[in-house]
Amino acid sequence: MLVLEGITKRFGGVTALDRVCFDLCPGEIHALLGENGAGKSTLIKVLGGIHQADEGAVLFEGASVDVNGVTAADRLGVRIIHQELSLAPNMTVAENIFLGREPHAFGFMRHRAMADAARQLVERLGLHEIRDVRKSVSNLSVAHRQLVEIARALATRARILVLDEPTSALSDAETAALFTTLRRLRAQGVGIIYISHRLEEIMQLADRITVLRDGRTVGTRPVSEVDQRELVRWMVGRDVVDYFHRPPHVAGPIALQVTGLSNDRVHEVSLTLHEGEVLGIAGLVGSGRTELARALFGIDPVRKGEIALAGETVDIHSPREALRAGMVLIPEDRQGQGLVMIQTVAFNLALPWVREWNPGCRPDLSRRHSIIQRAIEGFAIKVANAEQPITGLSGGNQQKVLVSRWMEHRPRVLILDEPTRGVDVGAREEMFRLLGGLVREGMAVVLISSDLNEVLNMSHRVAVYRDGRILKTLDAADTGMEEIMTLLTGVKTA
Amino acid sequence: MNTAKRLIPLIGASIALMVLFRILVPGFLNPENLVDLVQQISVNAIIAFGMTFCILIGGIDLSVGAVLAVVGTTAVYVLGYGEAETQSLFRFFLAVGAGLTVAVLFGAFNGVCAARTKMPPFIITLATMMVARGAALRFNQGRPISIPAHETLFLGLGNGRIAGVLPVPVLIMLVILIISAVLLHRTRFGQHLYGIGGNREAARFTGIAVGRAEITVYILCALFTGIAGIIATSQLYSAEPASGAGFELNAIAAAVVGGTSFTGGIGSIPGTFIGAIIIGTLDKGLNQAGVHFSYQYILKGLVILAAVYFDVRRKR
Amino acid sequence: MNKYLPLFVVILNIALVVPGCNQKPAGSIDSPPPAGKETSGGRLFGVSFQTMNNPFFVELNAGLLEVIEAHGDRLVTLDAQFNSLKQKNDCSDLVLQGAAGIFLNPVNWEGITGTLVHAKQKGIPVVVVDAPVKDADLVLCQVASDNVEAGRLAARALNEVRPDAKVVILHQSVNKACIDRVDGFKEEMAKFPGMTLLDTQEGKGTTEGARPVMRDLLSRFPEVNAVFPINDPSALGAISAIESAGKLDQVTVVTVDGSKEAITAIRAGKMYSTSAQFPREIGRVSAQKLYEHLEGKPVEKDVKIPVKLITKENADAFETAPEPAA
């Protein structure tokens, strides 16, 4: 149905795409795989008419077409769902689905007609979770919002649906539900291009896989003919044996002791964390994992309970106090809560330590420089120049900035909330290797992730978290994914 | 470092303006005219320095004009209280102190509201602007209050010249320029403000006391406004309860022309200073070139628009 | 190089537009000649008004321009927008440029003192127009309508139709001219024992300011049957409040100014009288006085331009020839 032939795209002197070939059949899920910066997004933007290819041709049903703008792509029936959702949260599901093409009579909104049409659409697509189309989007979970996006994309005649990292914010159960939806759409003849880092899910879902590396097509294969190992090698260009480096479990004295921590979203949470230990928190999206981290870090008020660091009870009302007690939280929303995106790499690295390099009104620039250098070298952050804008860094390197800056003084307890979201395999591996080293030196880590694989392979113990409570704490080494999934969802998975 | 580079086009633009006006108005660059230029911008520049802090952290202070009026009226009220025949150092300091205290109170209120509630600063300061204006108009039924002629110290603040050359307001402005620049560009506090303005949440996660910094910023802005108010009052030989209307917009214009970003996180004190110079040069130059006042507004509007347009473009 | 583009565009912008406006009339200049001093013709004069958002000052400016252009000189008109500090700065620009003379309509009658001292040091004569300044010694002369007389005329006119008037005054108490009008009004009122003053309120001298104040006064004092708004704009505001209260026939309006709008209101029977001022005449006389001074003649300190009462009888005649009666 769709063939991209020898697509080349240059930005200034940089060749983002170099003679990329790609094709898609109707009723097929074709996965597009590659590390950050491999050219996936650029390729999608060419297809979506946002960028124009410098060379190459786009063939649609055998005929060459000129995708010279967003409207042209739209006319071909190409629908793209970007990583960042673009819904109006204050409007209802139906309003979002029909945003910009509302049914109207002489300019007056026909609310009832719109709701009916939306309901029919949702039923037809089998998106039962968002059947209540009069619900405000702000009340929906991230997973359900994604379904609204899909419904909106398919409200008009769609031939090709492109999903860019749709599961990065979804839990495993929600991912499974999404996959069911996608398979149904495939059966309806929609061609789906699916972009993801997550090899496991691609193996489950896709019919064919194309891997891009450094703007070139490495290869296209039916999924039945590849194994995961091979894909990783294709992506990073070398063998990655195991990107998890779980340090040996040498539990030292207690680093963090939480007893009966409660607030609106967290209920009676108690946990113990030893030095040199990684405690994984496995929970679905919306289980209150992030809220637990926020309560520990003094962002959300705590109603009841006690937090003790290294045996000393501490009173934490603000991140400031948490930091002083030796606790660091790397927030889930890297750009929204972690980094000052309008600033340079150096600014972000030096910000927590201003007190040290500028105690009065005479900044000690060499001190600042050495703090920055230590952080860059410590986590092998790939920067041309520390004073470059942080926006120029890949997701993985941005995440490294966020973590490494706290290693100037090693925190007693490091809380990582979804640390690998949008981080490619290579950077992920490197970050876990370095973290493993720090854990070996005695740092205690709380690892919150919706990637069960990650939680199981990086932690020593796993706390199964649901509805603001720890259900059970298990030894990671002798626990399987199955078991955790069962606990998390409350049902036995197939 | 980075700021210096940003300033080059601004400095260039101000020099170009001066050269242009030198061509249109002979004698424009006479030392006397230049000193007068700096003295004319001093009130606006002092307010603009405070405004820069506010805008930098993503806030705004619309109440400065009204606070300026209430500071002036308070100070002169205290100065004239008891109708003393001679001047006393004690009363001078009492008057200035009373004025500045009022300013700080307004600033603290703005700051606490902005930091501790979810009300947007635009609305908070819009409200305090009205309150302050009303408070100023309570004095002397809204009529100007004269400064007694024997209060030469107070009158000297706005009209005196040091060694017969340097006007006192200019000296005060330079002192505040240096204090603000050191505060913003040299201290931890300043670095924290850039962090807060760039990403408030991220700043909180790095352990910056965001609320405390915000309150400090609004107090600083009000304090600078208070100082500007004392100078303006002295320059006018009287406190005008109705004065200061629109001063907030002039201060914002200076900050913005000087490269302060309205979304927060970007801006500098030297930039604002040059912004104030550019606006002052325009005012003076257009006056002296005999441009009709209607065209003056249009030109000033276009210049502000052009400055911001190119600044935004440069940032990308 | 691209980053210096803003600079060039800004310069270009100004360079293009400034000569453009020089060709415009009304206070602009043809070309920037040297800041003239002693040369006859081509001398620079400046005038700073508290606001140009008032037809009165536009007329006054026209009067100044008439005389100054006849001498082959030029006039720069500046608008202080009720901002004393801006007025001070505007005037010091004129002083430093070596203007041959400055006309000043002060925002704040003592706020301008610093500038006057400065001008005096530089030997630049200042003529104060319409509203006075506090320190008369610092200026050449003050030219204004006889505001006290305008107030007296209004009181006298009111006495003719309502000897039993229960009056409210809509004041603008920051303005010296208005203070004079009210003083004159009260002075004359004292001669008519039948008249009583109910209240004095701030009407801000504007239509928008006066309307709500008048509305409140009407409900507070049901017996009110006369109002003295100190100028035409506030009178129009008062009339609109009276009209919506349905009391047009009960309340007599007497005021000061003599604008077109007021005369229309008089002819419609909504206003009884306005004591007409002659802004153009004030402008002409002011300019003449300054020229007399420059020629070395003595000039009297206080120049009063007569006012004239306008009622329905002479409204038509006045409208066709809005000049002071010979």
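Quick notes on this structure:
Order of writing sets the chain letters: A, B and C. Residues in each chain are counted from 1.
Simple rule for what comes next: a contact is a pair of C-beta atoms (placed from the backbone, for glycine too) under 8 Å apart; a residue touches a chain by one contact, two chains touch by 3 or more.
Owing to the predicted nature of the structure, the values given are computational and were not obtained by experimental measurement.
If the chains shown are joined wherever they touch, the resulting network is a simple chain of contacts running from one end to the other without closing. The most central chain, judged by C-alpha centres against the centre of all protein C-alpha atoms, is B.
In this assembly, the C-alpha centroid of chain B lies 31 Å from the C-alpha centroid of chain C. Rounded to a whole number, the gap between the C-alpha centres of chain A and chain C is 69 angstrom.
Separating the centre of chain A from that of chain B, both taken as means of CA atoms, is a distance of 45 Å. Looking at chain B, one finds that none of its residues touch two or more other chains. Touching of two or more other chains is recorded for no residue of chain C. Touching chain B in their complex are the following residues of chain A: 297, 299, 318-320, 322-324, 329, 331, 333, 336-344, 347, 350-352, 354-355, 358-363, 387. Of all residues in chain C, those touching chain B in their complex are 3-7, 9-11, 13-15, 17-18, 21-22, 24, 26-29, 32, 34-35, 44, 52, 74, 76-79, 81-85, 88-90, 92-94, 96-98, 108-114, 134, 173-174, 202. Across the complex, chain C is touched by residues 8-9, 12-13, 16-17, 20, 24-27, 30, 32-33, 36, 40, 43, 141-144, 146, 158-159, 232, 235-238, 240, 242-243, 245-246, 283-284, 286-293, 295, 298-299, 302-303, 306-307, 309-311, 313-314 of chain B. Within the complex formed with chain A, the residues of chain B that make contact are 1-2, 182-183, 186-188, 191-192, 194-195, 198-199, 201-209, 261, 265-266.
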